[in-house]
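The structures considered in this document are given below.
One chain, subunit A, appears in both complexes that follow, with subunit B as partner in the first and subunit C in the second.
== the complex of A and B ==
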């Protein structure tokens, strides 16, 4: 089989891979930062906090990512005067920004849902112990609840990270030259879809494998406190 | 210190505490006072409200009515917009809680932290003790409860008795005025009970003010100065431990002590479990 086209395209494909990784990483990071307050708000008993969080999560988990991308990228054009006035139109003009914004909001909604479950699964007794020692509010979240919730959330969050990596391929539709976007252009010129798309698929697979590998290590490191218990544990609720 | 108003202010005073869960009245007007160095054993059948009493004292449960004074300071309560009773000043509650050490039946150590981290966490983060000072103090406490060699282990590596001793050290690290112990040995295998009771016994000998919910009758007799027997959310009988435990006046308490509704009590009574002073 003649693989010349693959070798020749490799530099451009790797260039696209960099953009894919960049978008994935940045939206994961921003999404996580946003997901924490959203999850906490979602769990609040105050209506003014949980209702917006609920609506936000419902919308972004209940509509297709592609539609969300179109809404932000094409839809924002209709509000150009407004956005101009607010001084942010130069951002919405860029496909890169629209992609990042949409992916961030999307992954944050899913991550918030994961965190919500994890926070609810933190053993009540350990929270009460913290309260009984005078910890409350932010301190209680920062030192006890969130560190425990992150550990519980890690397997599901890894899944979300991998899902987001694959989902970034959609940004090629709004003109970005990510890994998929680059491949589409090369295919359009060379008419060699099979060889190119299988290469692209293998690159995504390799990245996914690396992410899963790193996650497994992180998991093992972070759950050191749960392994090798010599006596039947009491903190069983905190187990997997 | 400002001069006390009364002759001697109680370290902990509970007045007419009421608590209901739904239609179930768990506490129906409980009053008690613990003076400095008092060790009060709280007994009662399961469901008599013992644990709820402790939890209402440091507001892990919010009492429906009644007052709690800690060292003469009243915990202020109010009603929120929905008519729920709640603490008037959450910061006061946090502050009061640092003065009331709580030891739980199921230890509730933070499983993601080592024993040492468990102990220094609240002194550093809540009281603002410098880290080095907190570690020194924690090491001292760990030696006292016999866990110095376990200081860098995670709770999951410990036995139940060791976990509970670590939890006691964690509570003591805040230098509380009163220690509340909620059935500290009930979750332990029988052979591990002794090591925890020994630690509590040592604390009593130091003159710590304690409120202990316990089923260990022998231990209560040996260590506590007073015993309170709860029945259906009310104080059924109270008095000096030796007196009320040896000669209970109420029929309920007599039956309880002889194991009428608590099988193990009958087994514990003859052989004293706690170290006698």
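== the complex of A and C ==
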């Protein structure tokens, strides 16, 4: 089979890969920052806090990302005078900004759901112990609940990161030249769809499993103090 | 709440919704069939079947849905044509977007269903299987009388999740020009120049499907646990 088209497009595909990774990383970071307060609000007993958080999470988890992307990118045009007046229209004109905004809002909703589960799974005893030491409110969250919740959430969060990486391929539909976007343009010109799409699929596959591999190492590292001690320690103890 | 004025394009969205649900149900049927096959492969005694099922789930879950849709819709016909050309024959292949959509979405979510079924089959208590063996049940009878009836109960929550992700993924079929909900909203948005109105309306349709699915799932799950002692299973 003639694979010259694949070799010739490799530099551009790798350029697209950089944009894919950049968008994934930035929206993950912004999404995590947004997800923490949303998850805490979702678990609040006050209606004014949990109801908006619930509605936000339901909407962004219950509708397709593509619709959300179109709603922000094309939909914002319907409010152009309003956005112009607010001085933010120049942002919504950019596909890059719209993609980052939508992906951030989307992943924050999924991450908040993961964190909600993790925060509820923090053992009651630890929270009671902290309270009996006089910790409350923010200090309790910062020192006890969130560190434990993050550790509990890590496996699910890794999955979310991988899903988001793949979801970024949708930004190609709103004209961005990420890995998928570059491939679509080259296909439109060369009409060699299967060679390029299979190459791109392999690149995504490689990134996905690199991320999964790195995450498993990070998990082992973060839970090192929870693992059983090496057997030789036990042998030493019995010898004493 | 503000009512959405759809400028007479409402019927188009409803028709799109019908097609979306149709594609979703077709793809779900295919996904369940592939999932059962995949789970059988993963738990098989034969190394080749295990390898095949493992490769299937690994590849599908590591590649974006959009790439797989483009690959099936644009890649497969040209691949077939190229192969035919190298065999010296002139062949023109065109895939129907409806069929291609169901096939691709079903293929993708079959990989997720495989994991659901594998987990569910393994969740059937070993003791029951041993007891059935002790009664002299063969493999087929054991599967039909003991494993499959209980496996469904364990698989239902996972399958519900697969369905809810799957129905949202059907929006991607709009890129291959099938006039489902998303594509209908797009056409209406272009014609009326009211993109926000129509994409928001479409998003509410999807949200409606999600909420309805959540309620139905809860119903089916409590039904599937009828007769099972609480706190078990």
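What we mean here is this: the second predicted complex is superposed on the first by the 228 of 240 C-alpha atoms of A that agree within 3 Å, B and C clash if a C-alpha of one lies under 4 Å from a C-alpha of the other, contacts with A are read in each partner's own complex, and residues count from 1 in each chain.
Simple rule for what comes next: a contact is a pair of C-beta atoms (placed from the backbone, for glycine too) under 8 Å apart; a residue touches a chain by one contact, two chains touch by 3 or more.
Note that the structure is predicted; figures quoted are calculated from it, not measured.
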Open item on the list: Quick one: is A:225 in contact with subunit B, with subunit C, with both, or with neither? Answer first, second, both or neither.
Closed with: first
Open item on the list: Applying the document's definition of touch, where does A:126 land relative to subunit B and subunit C: first, second, both, or neither?
Closed with: first
Task: Which superposed partner A:208 touches (first subunit B, second subunit C, both, neither) - done: second
Open item on the list: Applying the document's definition of touch, where does A:51 land relative to subunit B and subunit C: first, second, both, or neither?
Closed with: neither
TODO: Mind working out whether A:33 is in touch with subunit B, subunit C, both or neither, as first, second, both or neither?
DONE: neither
Open item on the list: I'd like to know which partner A:138 touches here: subunit B for first, subunit C for second, both or neither.
Closed with: neither
Open item on the list: In the overlaid three-chain picture, which partner chain does A:82 touch, first (subunit B) or second (subunit C), both, or neither?
Closed with: neither
Task: Partner touching more residues of subunit A, whether subunit B or subunit C - done: C
Open item on the list: Considering only the defined contacts, which subunit B positions touch subunit A in the complex?
Closed with: 58, 60, 90, 93-95, 97-98, 100-102, 104, 106-113, 121-122, 125-127, 154-160, 163, 167, 170-171, 174, 187
Task: For the subunit A and subunit C complex, residues of the former touching the latter - done: 58-59, 61-68, 70-71, 74-79, 166-170, 172-173, 180, 183-184, 187, 191-194, 197-198, 200-201, 204-205, 208-209
- [ ] Under the touch definition given earlier, write down the residues of subunit A that touch subunit B in their complex.
- [x] 123, 125-126, 128-137, 139, 143-144, 147-148, 151, 224-231, 233-235, 238
Task: subunit A-facing residues of subunit C, complex - done: 58-59, 61-68, 70-71, 74-76, 78-79, 168-172, 174-175, 182, 185-186, 189, 193-197, 199-200, 202-203, 206-207, 210-211
